[in-house]
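Shared between the two complexes below is chain A, which has chain B as its partner in the first and chain C in the second.
The block that comes next holds the complex of A and B.
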């Protein structure tokens, strides 16, 4: 085997601490090395040509490039070598920058270490085998989980590119939190007015299969080839037969047994309901926990009044199976309920703010419903306790957010902006009212955001007080707010008519469970983790699964929409070819020695290990062994390390290769 | 004993089991592993204080019979190995007919009669003389007077040693090792077809007759059994040069209990200690 060694100076980066000329010279004498040279920038065009030329001139079989981390330029040199006729997997990188020059300052010893690493790489490449990429077919059909603005945007983008989409939403209607908002910052345009056209577009889109009141139950398979089980929960109303006339809802006698989830508990809804008038689809659902029929076996008024015979009390959940190529997770967020700590929760809650105890202490989403023209008060400011117009409102920011000891360490990001919006909306409706905002910092980074907050303060006269509130209590129909103005350095007491808490955005409760079903990581707060915070912000670490919106971290609408479009673009890239090519660095089981203890299966983070039955030619089972699904395996090597009989090896990093590499280091 | 024979006859006659792996008498009270295939064979089955061998070791070598289950006479202690084998996909619960006696301890030295001073060390801390998992059971529990647990005293003694003293202690013990691998053969949980120590390309484990080679084999085996060893002490019993292998295994088992609240071979449903994690797992070792 003829091997070429190419030592890169990386300008001063390597050249300063490694004697590259000397290293190249001493590497020339390593057995098997036919040519050894150095160059200022090996990754540059002339540098790559040097490699290609040397391959041609010397008839090289393999190449070792001593340069930066393989994360940087392994691809570059593989391509260059491939251009000169060498299999790309016969290229090895010796990392003499991150592992040598950047961490040592002594030239002689640094040079010695560089030579050792190169010798080690040469021994490995001698044991390398030419490999070809793995090709898997792609099902060009996307699953979008979550029908909020992120999911809607992602679904529409993918569908408009011509691919089929299955959109799954666990609530009876799509729309998510955005449909609950009154106006949106920083333009104060009506939220539903800009959202509902998108919702209708989803419903009418021929490429989108909309599954509301449904949840993802199981996900099998791998990038390009997922098999997804979706539970369509029993609506008790037959989708195809219902025309959405609403007669059932009008006649339902169970009117005041359930709080409306959409109205954030500020109004009642009947047992059979659609969440809100513009719901998509406009098909009601029966809440079996309050419906009289399910409790007493009598009533059936909805069935009687339904001209279409669409009510089906006996309806059961159905499981749908869908073939999917890519998944976008857009499950969004929920608001931190601050009444008291939930059992088992590490968070302490904010009992001292009296939420849930004092009727006139509400949270941000409740204020949105109050301010909304379609809300329970038809957009009029009426406080919950007595329906009077509040003349003085105190807004408290960072309730739960940025408070590691009691709540969450992170900033919920949207509260500064929506509180400013709330204060403005209030002032627009109650001209003689006073709006006080307790804040820690005003975080208004974003296009037109700072201007928006200034407008609230300067034009609409919202009074901002920098400081925290220590206590709230009720007195003579007022909520007495005790806090501190830290800029003036004085304690402050406000007798407010109503208090609005900007509570933290938290992950959906079921998010960790869904992440486990999908096999993607999530952080300690339950938000889905991106693959790289800067360079792969919409990818999960599992191939073919992408993230959009607040499922990933607190985000506002513009950000969620951008992320959804970005995720959609990633899906389209995946769908743009019929065949998916992957690195062949995956685990491989030696079936002759595998005893099927399946420890590899237990430790595999990607569910890539399956059970394979080995049978003789008469069909008699001989044994069951581990089998690696090459579509799912990410080549992390955990199974390799776990296998007690060393029956699993990583292609490209086989034991023989690693062993040769280690032995070469031992020769010093 | 009559009970055992009756159980065995009934199982063999009805075809519930293809055969029964049990114990038969040999001279001087000794018992040997015995496979009963017929009703006549069943007459030879015994269970005494000398039924020392952990018969679950045979599960790793047998193929599933054409019809019927494999009957296995197995003590409560050794039963843990059956559980571990099921946990590790080596056996299926439905393929084994477990005949587990109520056990009144077994001997330490099989050539001498059972008495207070001839009781196997694993019996001294036994919690499963009455088995909890079985298809059939027999016998009665009797009160047995137990000597003190010298093994645990020895573990404490080794724990108290300095690193260099420990090194010396084990170097001297391992020096006796002739790599006969009897420990591996007798261990029900050493079921790999190709032991890592036999893997020649590349040879990760140097098993030469050197200090390194002696340590490499014995320590690798201890590591491969950590969190898995069920404490049947067969390795200790079969070692021809009397290396106190149980010290290592028992120490590791104690560690599994103290750090992870895990006792190997307790429950078929329980996830194994190695290869799974709990959010409550102790992570003090990550510095």
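The block that comes next holds the complex of A and C.
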């Protein structure tokens, strides 16, 4: 085997700490090295030509480039070598910049280490095999999970680029939390006014298949080739036949049987309902847990009044199977409740605030509904206990958030802004009212955000008190707020008519389960993890699965929309080619020695290990062995390290290659 | 196996009636306690502000005494003793270095296996059914404000026997006596504790808030299980009256005294004559009820 060694000086970068001329000279004597040379910038055009020329002149079989990190220029040199007729996987990089020159300042020892690393790379390349990239086809159809603003944005962007989208929402309507909001910061524009046109656009888009009241049940396959099972829950109303006239809702006798989820428990809804008047689709659903018919077998009034005969009490869940190329996870968040936690919850409740027992202590979303013109009080400030207008209102920020003793380490990010908005909305509605805000810090980073908070304080007169509230209790129809003003250094007591808690944003309860179905990582709080916090913020670590919005971490609307569009762009990049090319660095099982213990399957983080039956010519089962799915394997090598019978090897990083590298380092 | 009893200094002094009533009640309930031999002061609220190792060594001595006596559990009625014994055992088992230091001082070993309980837990353990069963007097006319104080339920990392902010365990026992536990707001507010001596005026104002809130919620009596709280809530009412002539009085009983009342034990046998605020009115009504029942 004839190997060429090319030592790069990287200008001064390597040259000043490594004697490149000397190193190139001493590497020439390594067995198998046919030619060894150095150059000022090996990655430049003349440098690459030097490599190509040397390959042609000397009939080289393999190449070692001693230069910067393979992350930088491995591709460059592979391409150059390939241009000269060498398989790109017969090129190895010895990193003598990040691993040598940048971290050492002594020339003799730097040069010695560089030589060692090159010798090591030479020994590895001797065992390299020519490889070809893996090619997989791409199904150009996206799945978006979650129909809040993030999911809506991602679905519309992908669909408008001409690709089909399946949008799955677990609630009866899309819209998410944004549809519940009254006005939005920092412009105070009406949330529904800007959202509902987009919801309708989703519904009418020819490229979007909308599945509401549905949940993703299983995901198989890999990037470009997912097979997704979706459970369409029984609505008890036939989608195609219903024209949304609403007669069934009007006539349902269970008017006050259930609290409206959309109104955050501040209003009732009947058993057959649409979450809110602008719901998309405008098709009701029967809540079987409260419907008289499902309880007693009698009633069926909705069926009687439905002119379209769209009610179907016997409807069952259906399972749909979809072929999908890319997935966007946009499952959003929910608000933390201060009530006594369910067993197993990582969070504590707030006993000092009464565990949610006081009627006039509400949370941010409940305030949104109260402030909304379409809400249960038609936009008027009326406190829940007696309907009186609260003249003194206290807002408490960071309830949960940033409170380690309650199980939260993180900041929920949006509360400073929406509390400022709440204080403003209150003052706009109750001119003679007093609004107090207890805060830890005011975090108003964002375009026009700080100005918005200042407006609340200076123009609308919200009184900001820096400090925590230690206790809330009910006394004579008032909520007594005991806190501390840490700037004045005094305890403070306010007899409020109503208290609004800015409770933490937490992950959806089902988020970990969904993440497991998808095979993507999530953090200890249940938020889905991005692949890299800065450079890959919308990618999950599994190929073809992207993240958008608050499913990833607390985010406001502008950030969620940006992230959704970014995820959509990533999907479009994936869909822009018919074939997907991947590096062939994946695990491979030696079926002759595999004993089928499947330890590899247990440790695989990507669900890439499958079971393969080996049969003789008569179809008799001989044994079951592990089989690595090329599309799913990320080449991490965990199975390789785990296999007790040494039957799994990582292509391109086989044991013999690694051992040769290590042995070469010992030859000092 | 008998439960070990650690009375602590308070129950020999200002909280004498807690000790008297506890023993008297247990006699009627046919349960016995075994006092820890030659027990000594736990350091209470002072030691841990002065010397860390000493604050652990003082309670630890009592733990070793109990161990050597063959006890598997200790009941400490005083909230401070309970807290110190429990948190000492828990923190010594977590910190081997300090444990070795303390053991060196004591010339004895801590095994860390003692179950340390307070009086509420003790009655839970012997069973409230026993109270219900032996109850002789109807106390349903009595509105009771259960006061836990700031210390009893707040055990930090050492454990948790009830909700720190909204405790209800004492209410369960009060309900078993037939009296009516009320809902009020200052169950776990601080009474000022040991500041009673150095900053009496602060303790008066804190105590007044607690008393007022209990009375505003129609309490006839405040029931508690902490000698420090008792001395503040009971004794300081007289000072409060000096500054606030209109201030109404409210009797303050130990939980064990209330149980004793339900069992029909004579007030004096329960130490109810040792209070600053007269408990006679309670006993008078009780007497009338008893007569009526007969």
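What we mean here is this: the second predicted complex is superposed on the first by the 609 of 668 C-alpha atoms of A that agree within 3 Å, B and C clash if a C-alpha of one lies under 4 Å from a C-alpha of the other, contacts with A are read in each partner's own complex, and residues count from 1 in each chain.
Keep in mind that, in the parts below, contacts are C-beta pairs under 8 Å (C-beta built on N, C-alpha and C of every residue); 3 or more make two chains touch, one makes a residue touch a chain.
Nothing here was measured: the structure is a model prediction, and the numbers come from that model.
Looking at the shared chain after the overlay, A:655 reaches chain B, while chain C stays out of its contact range.
By the touch criterion defined above, A:282 reaches neither chain B nor chain C.
Once the two complexes are laid over each other on the shared chain, residue contacts for A:602 go to chain B alone; chain C is not touched. Touch criterion met: A:624 reaches chain B, while chain C stays clear of it. Contact with chain B, but none with chain C, is seen for A:647 once the two complexes are overlaid on the shared chain. Applying the stated contact rule after C-alpha superposition, one finds that A:315 touches neither chain B nor chain C. Of the two partner chains placed by superposition, A:444 touches none, neither chain B nor chain C.
Overlap of the chain B and chain C contact sets on chain A: empty, with no shared residue. Within the complex, the chain A residues that touch chain C are 340, 350-352, 354-355, 473-475, 480. Chain contact summary for the complex, chain A toward chain B: residues 592-593, 595-599, 602-603, 624, 642, 644-647, 655-656, 659-660. Only residues 163-166, 185, 213, 216 of chain C touch chain A when the two sit together in their complex. Against chain A, the residues of chain B that register as touching in their complex are 88-90, 191-196, 199, 201-202, 204, 224, 271-272, 274-276.
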